[in-house]
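Below you'll find the structures, each written out as structure tokens.
What follows is a pair of complexes built around subunit A, which joins subunit B in one and subunit C in the other.
And then the complex of A and B:
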């Protein structure tokens, strides 16, 4: 009667069974830090050293991987210095999986987690970033931690969790052509609120999920963070196995929930009833159907981030932009070099450039307001990203509307928020 | 860490819901690598305009200058997992935050840095927002005392022990893994 999350946590803590609310010490399979959390962890190490603790090795360098994503290309002197620090850190502790900007594959940490098959089904994965939940779509338990907790895991390979309750979201049927996973998760967050899943797991299942690509599922789990969830998860299936096989990985130990698994609550949605949804400033729960916002004039369209710049997201954008010209400033930033390359091979970059779009390197960039095209005061942006808090993408008085890649592309053409069904 | 026992202070009322960690410490300060000195960046974009303090922001009100307690609304600390947010609150001088709800990662990060986050009911929070009196927080007793009224609160036993004894979570967990599980089991709230 255990669900997949309980089974993974039971296995990782050497127990036959666990229940929501139990405290368990789990063995961690993989850990990730990036160019913000890495230096944060180093600061914690420094503090520990001052208390007399000797830190000259970490638990298992082969289970740790490092991404350069928030402030690359180096936004200024301090971020350049942080990359140097991160490099010294990985050298010092013998961490080999360091995806470096300008040296082949690199990209947003959550994107690398699936593009590079860094995390496998059944594993416990933690990272120094709140959107670590993304990787739960690989059938793993994936949760974000603060710097102190990541430091602890790096030293011990373990962490304690209170076993979360699970909310099960059952999606029935196939999504209409103009609707993407982003619309589904925005709809759900609008329904349950930004703390609707606080300290809970959001599990997605049903025929709607079986129909969905792995990349679409990753959009769902990515945004579970925006509902306050501890983690998001999808059970492994043949699509996931194929996805991993394409990346040369066939050996892993899948975990599945029991047939009579228990959930705190089950929510049911009909895929055929879904519509393009947009979240208005300044909260992802502030959702309405895209058509209700057709009078909103925009300054910019941003197609990027771990949520909205995977290959299928770029294909969706290209479908809309083909043969058209953008009316507002538009940027496409593929989420990893591997995606950038595929977009080039498939001719998507040409479509973007012909439409007048700037194509930029993989980075968290303006999604978190770091650099690479941030917003000015009073500017309004439609974005395929995951947060629209005040100042998230730039000035504290700028505004971000969250939308699917299809809606963002349609809006880029008209200069106003546009439902993709309403363009010729 | 300094043991947390009792504090008594007026409370700074931050009357906003869904305050995310980027409001607490804006992204431009994440590049700094030291763990101290973040207090000056706390609520930076709300606190300053072109480098000058904004008169309409509560932290710039001299009445709250020595406040050690922050009153917040629903879902405080949502968004990015950056621990810098807690480092900034601590460095500024806040030792307790009272709200109806906190985001999960932020909530855990508080305890790692000696800050007590307290969850209270809507009614209690309203009462605290409406008083100008000093508020006393007694962790041992799990109570908030204000205007002669005592309100109790709940806290996970493990976190209470950590704060009361000023223990470093990493060191404690290293030594007492089994004890923590036993302790949590016997004190389930």
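And then the complex of A and C:
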């Protein structure tokens, strides 16, 4: 009667069963830090050393991987220094999997977690970033932690979790052509609110999920964070096995929920009834159908981030932009170099550039308002990212509308928020 | 713990306003403190005094996992945030790093406490005394493990 999350947490804590509300110390399989949380963890190590603790090795360097994503290309002297710190850190502790900017494959940490098959079904994965939930689409328990907790995992190989209640989102049927997983998750967050899944797991299933690509599922789990969830998860199936096999991985220990698994609540959605959805400033729960916003004039379209710059996202954008010219400042930043390369091989980059779009390197920069094209006061942006809090993408009086890649691309062409069904 | 209240009567105060993204590259705790609450209240840094409490609505600290958020508040002098509810990562960062106490209060206390009120928080008695209004609000005890980590002074001092 256990669901997949309870089974993974039971196995990882050496128990035969766990129930929601139990507090357990779980053994962790994989850990990720990036160029923000890495230096944060180092600061925790320094603080501990001042108390007399000796830290000259970590629990298991082979289970740790490092991404450079938030402040690359180095935004300024401090960010450049943080990359040096990160490099020294991986050298000092013998961490081999360090995806470095400018040295082949690198990209946004969550995108690498699936592109590089860093995390496998049935595993417990923690990362120093709130959108670590993304990787739950690989059939793993994946949750974000802060610097102290990640430091604790790096030294001890385990961490405490309260076993979450699970909300089950059953999607029936196939999504219409103009609707993407982003619309589904925005719809759900609009319905349950930004704390609607607080401390809980959001599990996705049903025929709508079986129909969906692994990349689409990753969009769903990515934004479970925006509903306050501890984790998001999808049970492994043949599509996931194929996805992993394409990346050379065939050996892992899948976990599935029992046939009579318990869920706190089941929500059902009919895929055929879904429409393009947009979240207005300043909250991902502030959702309306895209057509209701057709009078909103835009300054920028941003197609990037772990949420909205995977290969299928770029393909969707290219479908709209082909043979067209953008009317507003538009940027496409593939979420990882592997995706950038595939987009080039498929001719997508040419379509973008012919449309007048700037194509840039993978980075979290503008998504979190840090660098690489932030918004000015009063500027309005339509974005494939995951957050639109005040100041999230630049000036505190700028505005971000969250949308699917199709809606962002359609809007780039018209200069106003546009339902992809309404362009020829 | 005694201190005065800085009240924000709103829900979903997110980590992007508690400590905006451009400062994520900073890991000097004292410098982070100078940017605390900058996305919501430019005057916070001038106003906050050691020992102060923040009072806010539900889902405080939602958004990013940045530990910079509780660090910036803590090094500004904030000893506890009293809110209707907390986002999970902010909550565990505050407790595991021993930066400040995340204390859940009920609707009555939230409505009753005014900006600049003087409070005394006593977690051993599970109560908050409003010295300005001469009232007492009961608070729920921390869950067992959380209470032990707080007592130990953070996760690294806690022995399972």
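Some notes on this structure:
By definition in this document, the second predicted complex is superposed on the first by the 424 of 424 C-alpha atoms of A that agree within 3 Å, B and C clash if a C-alpha of one lies under 4 Å from a C-alpha of the other, contacts with A are read in each partner's own complex, and residues count from 1 in each chain.
Definition applied: a residue touches a chain if its C-beta (ideal position, glycine included) is under 8 Å from a C-beta of that chain, and two chains touch if they have at least 3 such contacts.
All figures in this text were calculated on a predicted structure; none of them were measured in a lab.
When the two complexes are overlaid on subunit A, subunit B and subunit C occupy overlapping space and clash. Look at A:139: by the touch rule set out above, it reaches neither subunit B nor subunit C. Of the two partner chains, neither subunit B nor subunit C is touched by A:236. By the touch criterion stated above, A:36 is placed in contact with subunit B and with subunit C alike. Once both structures are placed on chain A, subunit A residues 23, 25, 36-37, 39-40, 42-44, 48, 53, 70-71, 75-76, 78-79, 82, 128-130, 132, 144-149, 151-152, 160, 194-195, 198-199, 228, 230, 283, 368-370, 387, 389-392, 396 are touched by subunit B and, in the other complex, by subunit C. Every residue of subunit A that touches subunit B in the complex is listed here, in rising order: 21, 23-25, 36-37, 39-40, 42-44, 46-48, 51, 53, 70-71, 75-76, 78-79, 82, 85, 128-130, 132, 144-149, 151-152, 155-156, 158, 160, 194-195, 198-199, 228, 230, 282-283, 368-370, 387, 389-392, 396.
Only residues 23, 25, 36-37, 39-40, 42-44, 48, 53, 70-71, 75-76, 78-79, 82, 128-130, 132, 144-149, 151-152, 160, 162, 194-195, 198-199, 228, 230, 283, 368-371, 387, 389-392, 396 of subunit A touch subunit C when the two sit together in their complex. On subunit C, the positions that touch subunit A within their shared complex are 12, 14, 16-17, 20-22, 24-27, 29, 39-40, 58-59, 62-68, 70, 85, 87-89, 92-93, 96-97, 143-145, 154-156, 160. For subunit B in complex with subunit A, the touching residues are 18, 20, 22-23, 26-27, 30-35, 45-46, 74-75, 78-84, 86, 101, 103-106, 108-109, 112-113, 158, 168-171, 173-174, 177, 180-181, 184-185, 188.
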